[in-house]
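The following block contains the structure, expressed as structure tokens.
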Amino acid sequence: MVGTPVLFIAIPLLAAFLIPLLGFVWKESVRILPGLVLLYLLYLAVNLMGQVAHSGTIVEVIAGWAPPWGINLVFSPLTGLLTTLMILMGFIIWIYSYRFKNIDFREAVKYFILLLMMITGSVGIVLTGDIFNQFVFIEITSISAYALTAFYKGRDSAEASFKYLIIGSLSSMFLLLAIVLIYSQLGTLNMADIADKAHLMKPGFKILALIFFITGLGIEAEIFPLNGWTPDAYAQAPGPVGAAFSGIVVKAGVYAMIRVIFTLFDVSGTHQFLIIIGMITLIIAEMAAVKQDRLKRMLAYSSIGQMGLVIVAFGIGTEEGVFAALFLMLNHAIIKSLLFLSGSYLVYNSTEKYIHETDGLAKHLPITSFLFALGAIAIVGMPPFAGFWSKWSILSAAAHSNMILVIVLILSVSIIELVYYFRVVNRIYFFPKQKEVEPKRPTINALIAMSILGILILVIGFYPDSVTGYLHSASQSLLEKGKYIQDVLSTGQLFIQ
Amino acid sequence: MIIYIILLLFLLLLMIGTAIYSIVQRDLLYAVIGTGVISLILSILFLFLQAPDVALTEAAIGVALTTIVFIITIRNTVRFEEEPKRPSKPASK
Amino acid sequence: MEFKLFDLSIVEYAFFITAVLIILIGLYGALVKKTLIKIVIGLSVLDAGINLLLISVGYVKSGTAPIFSPALIKDMPLTLENIKKLSEGMVDPVPQALVLTAIVIGFGVTAVALSLVIRLYRHHHTLNIDEIKNLKW
Amino acid sequence: MKKILVLSLLAVFGVYLLEVLFKIDFGHQFFLHGVKDFYLTTSPDKMGVANVVTAIVVNFRGFDTLGEVTVLFLATTAMSSILYKGRHQLGERAVLFSSSRIVMTGSKLLFPAIILLGAYVFIHGHLTPGGGFQGGVIIATGFLLMLLSYEDYKVSHVALSLVESLAGITFASVGLLGFLNGGTFLQNFLPTGGLNNLISGGVIPIIYIAVGFKVGAELTGLIYTALNEKD
């Protein structure tokens, strides 16, 4: 026994409270501590994944009260996979930003606290088995995200952050309303218990609560009407934070939404709704991405589009569809983070971050350009790389469910995607360099971080079997609703002293 | 008995009225005091609904702290809605 | 606690109606108003409405506060049956715990929002949303 | 035009929400086997905590409270990060109003009383209404009073973050100590004592006192940051 899932929350919190104190003693420790914490958690996550594969879902009881009375954490194949992914991404982003704000120590303290808490909040959203606890973690994640979006002191970052904050707090109000409706009907807040008793709810309550949940969680999941904040926030946030948004926060949002739809309420027609809303998100985002002339906004719209695709794949609802969706989530986290991290070096010294400012940078920043190109090729789904396998499995899942329209739309959107990514790669490699652009060489730790992501893309591309086993058990664990309820509600006797 | 109900209905109506007032009022300082009053009524209502813990919290956070943070913000920005563009000028008090 | 218990039969749904109205007023303020501080005021009004709704959902007619104070227990021996009997006349404590959390979280978000307002004012010297270009939506 | 659209949308939303809410029988709980019965009986019976809300906030749903304290901690950090102007530009204290001698003397007299009240509220959190949050907020209002009446009143940033960090570490460590004797996170490991005694409820008073210190320090820091933001 190496540890329990609660350490994923407790240790980073302890570290975050400790960081300001350590800063008084030894300044470098502020940068080192988050990395040590994330490294330990990565070790723990890998260990627990092995344990889960052996002996099934771990349900951790908190404060000694078995569910549904106490709060519990569920480390199932699905949540375990997402936790491991998030911690891994967090660790890589930590390596990348190790020297961030090198001169100004007081800003570095805040940056590392907020980044660590954003990762912890996302992990909490995934691990918790209680809707109100999830709400608290969503708030932790979003407050850190607001502050990180406004981290640079330029003109526009505060605007982006304020926009995000208004949409975010309206959404969390809806979440709270949904919790009120559920509590007033069932008298419980535990997800498994709600899923078990959901048939006791009056129909009006059920539909309204579902609508409120989708509105409340849709903002983090970036689905169509609620993603107005996304491009601004991604474009204004520091580079590593953009990577953390697309690699960590969005994944948590999608997970929360999927958990509500798949486990809490089985309302018929929700899956079709998911497909429709996902398609709309996908098409609008990709159309918008083509029109962008700024690199980070383009990446942000592309990120929204990919999330739409994930929602579509979840909407297909078969085991194959869920598998494809999880595979795409995994690939998207890795590839889009690589794109954000390398892209922010390509436009490092520019204020407006236009795409044409990357012209001809391949000669000056060979490794960064190569990694960006690798990411671009991988995300559009070129055969030997990671993105291909996930797109292929979505298409085959749609084909097996006879959704011809979905296939046609996905393929045509892929062509759009191909166009705008290759436009950028073409400019980087084959255009003459603009004179006023001063390329910034990546620091050694940034190079290490980006190379790890590049290697991961190659590994998943050439040996997809290395992850598919985990993905299959994860998708099964999402679809087996009865097993989830039973696992949670049968845990543990009451510990009373 | 009936006096409680009348008091209660009065408080509820007053709360709605104050909410409308603080949204409509163009003087932001008055609007902020309005939100303070909403919190105060809310904390009395919490007492009626047998929630003394929450009433205490709402009274301390809603009435005192939120209002003061709003007032500090107004002090650092402008006091009136849709005022013409100019840098902050201390509102004399 | 000191209030005498009373029967709310006449004002049955007055709490729900008030709460929903407050929520609507807050939403209106947050969606329509053009001044940054007004939007934040709208959000805090909305917060108040939801808290009222949550507490009134947990109310039990002529219930007491969920505290086993000496005044309530008097000289009863604290057996399980007595506790059960007393607890039947108590309002639901769970929404109260939730609202306690929600109030504190709401205050945190309000504080962050207002500091963003100060930042925006520092750059633009206006609170009007129309004069700040990216904020139009 | 936009106003009319929003108003009609809100009307539809409100009517729909009310229609659903009217199905709740006000003052009667619809559900039969909710979690609240368990909380109401277990709290006085097994845990020795008279105030059931405290028992829920600190023990049954103590994990929420840990998150909530973190939210406040983050709000303070976020606020100072957002308002930060750079290393060399420190803000000047805003003066809301200049106060007379009477106000100054009065606040000086009131200040210890307010702090004492705050401490009382969070120490008795498991017996009477109130607790760590309420006590912490009361303490913060005490500092607020001093900050408002004395233009040159200073709160040490180092002391604030020291108190804040130590209280947070206490909370998390008490949680981790629950793993002793094969228990779980945040589990009570102390004797519970009798109902309505000051020393009762096991770890609950310890956690609530830590929360009180933390909330007090955080809110004081938050107000101090906001006040120091004069352009």
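First chain written, first letter: the chains are A, B, C and D, and each begins at residue 1.
Going forward, contacts are C-beta pairs under 8 Å (C-beta built on N, C-alpha and C of every residue); 3 or more make two chains touch, one makes a residue touch a chain.
Every value quoted in this text rests on a predicted model; they were computed, and no experiment measured them.
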Quick note, more Cb pairs in contact for C-D or A-C? It is C-D
Note: chain D sits from chain C at a C-alpha centroid distance in Å of 15
Expressed in whole Å, how far the mean CA point of chain A lies from that of chain C is 31
Note: chain C sits from chain B at a C-alpha centroid distance in Å of 13
Distance between the CA centroids of chain A and chain B (whole Å) is 38
For chain C, residue numbers touching 2 or more other chains are 1, 8, 15, 21, 23, 27-28, 53, 56-59, 65-67, 90, 92, 94, 96, 100-101, 104-105, 107-109, 111-112, 114, 116-119
Note: chain B residues in touch with at least two other chains are 51-54, 57, 61, 65, 69, 72-73, 76, 87-88
Touching at least 2 other chains, the residues of chain A are 132, 136, 139, 143, 146-147, 150, 158, 161, 177, 184, 187, 189
Listing every touching pair of chains gives A-C, A-D, B-C, B-D, C-D
Contacts from chain C onto chain B in the complex sit at residues 1, 3-4, 6-8, 10-11, 14-15, 18, 21-22, 25-26, 28-29, 33-35, 37-38, 40-42, 44-45, 48, 51-52, 55-56, 58-59, 63-67, 90-91, 96, 99-100, 103-104, 107, 110-111, 114, 117-118, 121, 125-128, 131
The chain B residues in contact with chain C across the complex are 1, 4-5, 8-9, 12, 15-16, 19-20, 22-23, 28, 31-32, 35, 38-39, 42, 45-54, 57-58, 61-62, 65-66, 69-70, 72-74, 76-78, 81-82, 85-88
Per the touch rule, the chain D residues reaching chain C in their complex are 2-3, 6-7, 10-11, 13-14, 17-18, 21-22, 24, 26-29, 34-37, 39-41, 43-45, 50-53, 56-57, 61, 64-65, 68, 71-72, 74-75, 78-79, 82-83, 127-129, 133, 195-196, 215, 222, 225-226, 229, 231
In their shared complex, chain C is touched by residues of chain A numbered 132, 136, 139, 143, 146-147, 150, 155-156, 158-163, 165-166, 169-170, 172-173, 176-177, 179-180, 183-184, 187, 189, 228, 232
Residue set of chain D touching chain B in the complex reads 51, 53-54, 94, 96-97, 121, 129-131, 133-134, 137-138, 140-141, 144, 219, 222-223, 226-227, 229-231
